[in-house]
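Each chain gets a letter, A, B, C, D and E, in the order it is written, and its residues are counted from 1.
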Amino acid sequence: MATSPPKVPSPVDILLRRRRLRPIETLPWAIAVAVYFAFPTYLPLGTEILIMVLFALSLDLILGYAGIVTLGHAAFFGVGAYTAGILAANGWSEPTSGLVAAGLMAGIVGVVSGFIILRTHGVTLLMLTLAVVFMLHEAANKAGFITGGADGLQGMVVDPLFGAFRFDMFGRTAYLYALAVLFLAWLFARLLVHSPFGRSLTGIRENVTRMHAIGSPVHRRLVAIYAISAVLAGIAGGLLAQTTQAVALTVVTFERSGGILVMLILGGAGRLYGAFVGAPAFMLAQDTLAKSDPVYWLFWIGLMLVLVVMFARGGILGLVDAALHLARRLRR
Amino acid sequence: MSRPALETRELNKSFGALAVANNIDFRLEVGARHALIGPNGAGKTTFINLITGRLQPSSGRILLAGEDIAGLSQEARVKRGLGRTFQINTLFRGLSVLENVTLAIAERQGVAGGIFRVAGAYRRVAEEAYALLERLRIAEDALKPVRELPYGRQRLVEIAIALGLKPKVLLLDEPAAGVPTPESAIILDLVERLPAEIAVLIIEHDMDLVFRLAQRITVLVQGGVLVEGTPAEIAADARVREVYLGERRHD
Amino acid sequence: MTDMLSLSDICAGYGETVVLDGISLTLGDGDNLAVLGRNGVGKTTLLATVMGHTTLHAGSVVFAGRDIARSAIYKRALAGIGYVPQEREIFPSLSVEENLTVAAQRRPGRANAWTMARVFDLFPSLAARRRNMGNQLSGGEQQMLSIGRALMGNPSLLLLDEPLEGLAPVIIDALIAALHRLRQEDRLAIMLVEQHARLALEFAPRVLILDRGKAVWAGDSRALLDDPQKLAGLIGVAG
Amino acid sequence: KVGLILSYSGQGASIGDLMDKAVKLYIKQHEKDLPAGVKLEIIRRDDTGPNPEVARRLAQELITREKVDFLAGLIYTPNAMAVASLATEAKVPTIVMNAGTSVIVRRSPYIARVSFTMWQSAYPLGKWAAQQSGVKRAYTAVTDYGPGHDSEAAFTKAFTESGGQMVGSVRMPLQNPDFIPFLQRVKDEKPDVLFVFVPAGKVATALMKAYNDLGLAQAGIKLIGQGDIVPDEELPNMGDAPTGIVTVHHYSASADRPQNKAFVAAWKKEYGADSTPSFYSVASWDGMAAIFHTIKAQNGKLDADKTMALLKGWQNPDSPRGPITIDKDTRDIIQNEYIRRLERVNGKLTNVEFETIPQVKDPWVQFNPPQ
Amino acid sequence: MLYIISVGLSVTMGLMGFANLAHGVFAMAGGYVTVTLMKTAGMPFPLALLAAFAVVGLCSVVLERALYSRLYSAGELEQVLFTIGLIFMAIASAKFIWGPLPQGIDIPDYLQGRLDIGSRSFPVYRAFLIAVSLVIVLGLWLGIERTKFGAQVRAAVDNRQMAQSLGIHTRRLFTLTFALGSGLAALGGGLGAEILAINPSYAIEHLVYFLIVVAVGGLGSLRGPFVAALLLGVTDTAFKYLVPELGAFFIFVAMFGLLMWRPAGLFGRS
């Protein structure tokens, strides 16, 4: 330490600088606020997109950073949605506390299932995550007396937010509510990925053997991030339940897990903003395509995915990176 | 003699029918510079894996500073002062050299699990890592991803990570393999200048290095200890010449 | 002595990075060349370029009379180039035997072709592990397997990237003896990259020394063996 | 403007297709009947399956952005339920064209249903089985989800009330069911009759195969159920399904009524001889008829409350399924239920109607009066 | 038939290390080809099956060359995204060509009926399927696990560049393997059309079951999926008979337990 780093900026500074906020990072928020004023009739879709961004963000924490490939993330989304929904259907109609409960329940499920299944890895882990979703799905189906089974949960009542803002038909309250929650989650996620904890997750993804050898409690770390991610996913599920006042079995399905995975990869996994790009891109494409061609829109979505993979490694953000790189080279 | 830094008693391990550790009784004294040699496949790497907990022994005891650690997890053993390098590079290939070392130091200092209020601590960790890189003369590559480094330099990163853990017992598995002579001189120099209380066990097939560095040498053959002695004794041993050294001259 | 391999003005690297800058050399039947140099000067890159693993920016690679600069990797191997990479690159999910069989190549007209039995003769400890998976081998065993695998292709040119690393001295002796025999009996051409300069110089009659991607010295090995000062100056080794 | 919410993709895609075709056909035939200057616009939305949150969002958008005058479609119960509160809040008349859980119509005064309820067919079947067909011991096997539970309850209630005896019941998973083990269980129990409900579609075919393969008919176990187990569009795939299966349903494509003959002929002309309309299509057809009725009656100037008033008590004697009425109290459908037997007519499997239970109201409502 | 489809998947996914979620598409295509040939061309069942195998195998060569081959080096995630995209396209295309209604096939008379074993009866067709699967498993096992071909494929997957350096023509090898895997899927799709009706969303509806069978059997193993399919089939049936209340739970609980017990699957290589 006696040797002061000679160059300016030193490598240490460069390493630490990544944590600082860059101006471009305010862009998503500016857009989100602009949408509120510019497209008042698109707010229900906007709300759902925000929720999916949150969900994708939670997935990114385990997939992009810790390298856990999962097809079971809908489990936590579903637990959150049902928790918030069941509370609201049984007299607990205050939304913020319902959301907290949704996150907590999902977190508990995350800890328990993570503790068991995170001993495995690769395809085996993938299948175990899948099994968790299916078991929860079946449980929700069987427990019809409290979840409403296949008919969906009935009779949710959600109070006005902070006792003042009603969830209106145009979805204004819902939109701002979701936006605020997403913002908080993003602050937290950002802090997390740049923290030593976040870096150690990357270490686990890069080389588990070495992580063990430097004395890292790998399993504990993985369970921790799995649970954190589950909490966020649960909150996303809770938001969906509260803003749409409906919960059905489709919240805990393999298809939902797959869908969110697709959105995240489409945006670019492991880059924190992949969620912010992928979810809107996918959902907007789906929405417009489904409107112009309600029967065969899947084809175009599929084509879009295939093209993205063919021409943009690392998702849309990967493409942006490559383009920036090229521009810089050309300027030189 | 005082209590050894590391000791194994009747350590056994087999893969199916193959016994790769056969009743190994071994002592590593505090501050020792000890070499472990033996033919390929004798079980040297396996021995290190047993000590660090990467493999579970079939039977036997492993004592670190007199305490049995056989039941502990790998990470608990590292926390008690066991550090190692790998024979085949085991690095975070996509991360920069600096980050590779930073990860290790963060674990040692106990800040690696933190999410909040760690900015200052993290800077200290990174600075320590950078200083270590300077000591190993690889600081100029600090921000390069490891995967782009030539093989020889990657070996140095291996060692940097192990040193970042400030171990009391350091286990080096062929640290100089693939490292050209000038760099292996750095390694030699570094090991020689480690604080005297650190015990070093080194596996090497480069006899020049072994004979210059080691105060004691253990020869392992087919999972069992053949002989143990001073370099001079080993060099003179006919059995060792036959199974391992061959007829070339070694000094 | 006909030219088996000739490189002229090679510029090669990884993607856009250029590592080798204008290397030329020729190698005849049974000709052995040691390639020496400091860490990171491009020795591995040179061998990899012959094999076709790098991006060739300029220059030609002629092997057995044909320009192979644009050939696919597998065609080069089929033409008779054997490669022992620095990091061994054993196939982890194949057993020792399978690692050898996938590489087997019959060459009509070759007198004493390499077979699995012959490889096991050379490295008896591999024979004992024939059913082990590639990832269940010790470091040295992997090195032996990598060499054995290259030999199974019965090549006429062998590219060895630090093949002695991690091998016990007795095995090194055996291997060097075997390589000597190959050179004499089969007229095998060898390019050998080694950190142990002395060993390499004793083995190969000719030597090429690289520094930062350029050839800085080429000639007779004896000249360097007899002049340690000069050797030290070129590759930074004392003695 | 009509916002049509159906499944065009996902598991319900084939249902959505059958319904959409009926809507198209109806408009094609009747567009000219609309009052001059009235232009009907259908805005289609894909809810991708039982996704209430999607259905709700789509409805929200249809209401706020497209300002539709009607919502229609709704294949799945949860979707219909999620839309209900919006219909109330925005006062948009909503025509449920499929979802069959009884309680839906109570969720909003702006909902009317033109399809059916589970009780409507299962309950009469239970009565008929116990009283007319002379069987005493019954077993039920239903798919384990809402409609299945409804059917099971309705049948069991009717059957036991009429003196029959239940010897067992089993619920089968919704996804990828393999019926063999369940039917084997039934076979071992040897009831006189087996009542089955599975969602209409290809699982029905799988069910028939299992019934055949296990030889339940030979073991003397009769198979009965609602129309869903022998859907008209699946009959060509059923191969040698056992004839004689008795089902109760409100519609059969092969019915002799002239209105139906005309409907089926128009359909085949439009969509090819291989295509057969089903009860899904008929509900959509009648739903469009209801919408047209209210448009004509108001001469194109639509008012939600007037529309609802017009719907209540609306009668249509010309539906392909026979005369239907929208109950003026419950806004639910009143229709004939037909008892049919599966037979081979000219080599083709056909549901032949042989008895009619006229003008059935949803029985569930009588047993569960609104609080 | 689950087995045959799954073993094809095991070939592409396990042997080739490609996360090919679109595998079911080939099975679906196989089913459609079989059905179409039988209905429109009146081809007999066995012949139609062979044709499905060939047609789909050939088509997959084109697909592999044009698209898949560029993705071997890409990350798992990209492969997932790509193959899901393919599934979507296939669903829409199938709906466009064959319509949304499921297609069934008429199996020939000699495969209908029941075998009576004591008091239980067993459909002939299922016995036939098991027999066909057995033949295939044996054939593949002899053809792949015991020959240089299989070792070469595995070598190429482990380390493509090194395999080429040994003179292995990896491109051709992959194309062949891929065609084999897809062809098997098609065969499975055709054979299974009787039990799993062919409809546009086939590929996605049954995906999970293929994955389960492969995972339980062990990736890259050929015997594995066979044993797994049989085992899961039998125990699943037994459980549904004994405790029908648990319904769909069982298969997942079974998989969960099995994978916790043996993470590499029954016959997996770790």
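Basically, a residue touches a chain if its C-beta (ideal position, glycine included) is under 8 Å from a C-beta of that chain, and two chains touch if they have at least 3 such contacts.
All figures in this text were calculated on a predicted structure; none of them were measured in a lab.
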Minimum number of chain-to-chain contact steps, chain A to chain C: 2
Relative to chain E, chain with the most remote C-alpha centre: B
Of B-C and C-E, whichever chain pair has more C-beta contact pairs: B-C
Separation of chain A from chain B, taking each centre as the mean of its C-alpha atoms, in whole Å: 42
Between chain D and chain B, distance of the C-alpha-averaged centres to the nearest whole Å: 74
Chain D and chain E, separation of their C-alpha mean positions in angstrom: 36
Where chain B and chain E are represented by their mean Cα positions, the distance between them in whole Å: 47
Touching two or more other chains - residue numbers and ranges from chain D: 9, 17, 144, 174
Contacting chain pairs - touch in the sense defined above: A-B, A-D, A-E, B-C, C-E, D-E
Residues of chain B that touch chain A when the two form their complex: 52, 54, 73-75, 77-79, 84, 86, 90-96, 98-99, 102-104, 106-108, 111-116, 118-119, 121-123, 125-131, 134, 139, 142-143, 161, 164-165
Chain E-facing residues of chain A, complex: 63, 69, 116-117, 119-120, 123-124, 126-128, 130-132, 134-135, 138, 142, 254-255, 258, 261-262, 265-266, 269, 295-306, 308-310, 313
Chain C residues within the chain B interface of the complex: 38-40, 44, 86-88, 125, 129, 136-141, 143-144, 162, 165-173, 195-197, 235-238
Chain C-facing residues of chain B, complex: 15, 38-42, 44-46, 87-89, 149-153, 174, 177-183, 205-207, 243-248, 250
Chain E to chain D touching residues, read off their complex: 91, 95, 99-104, 106, 114, 120-121, 123, 125, 194-197, 199-201, 205-206, 209, 236-241, 244-245, 247-248
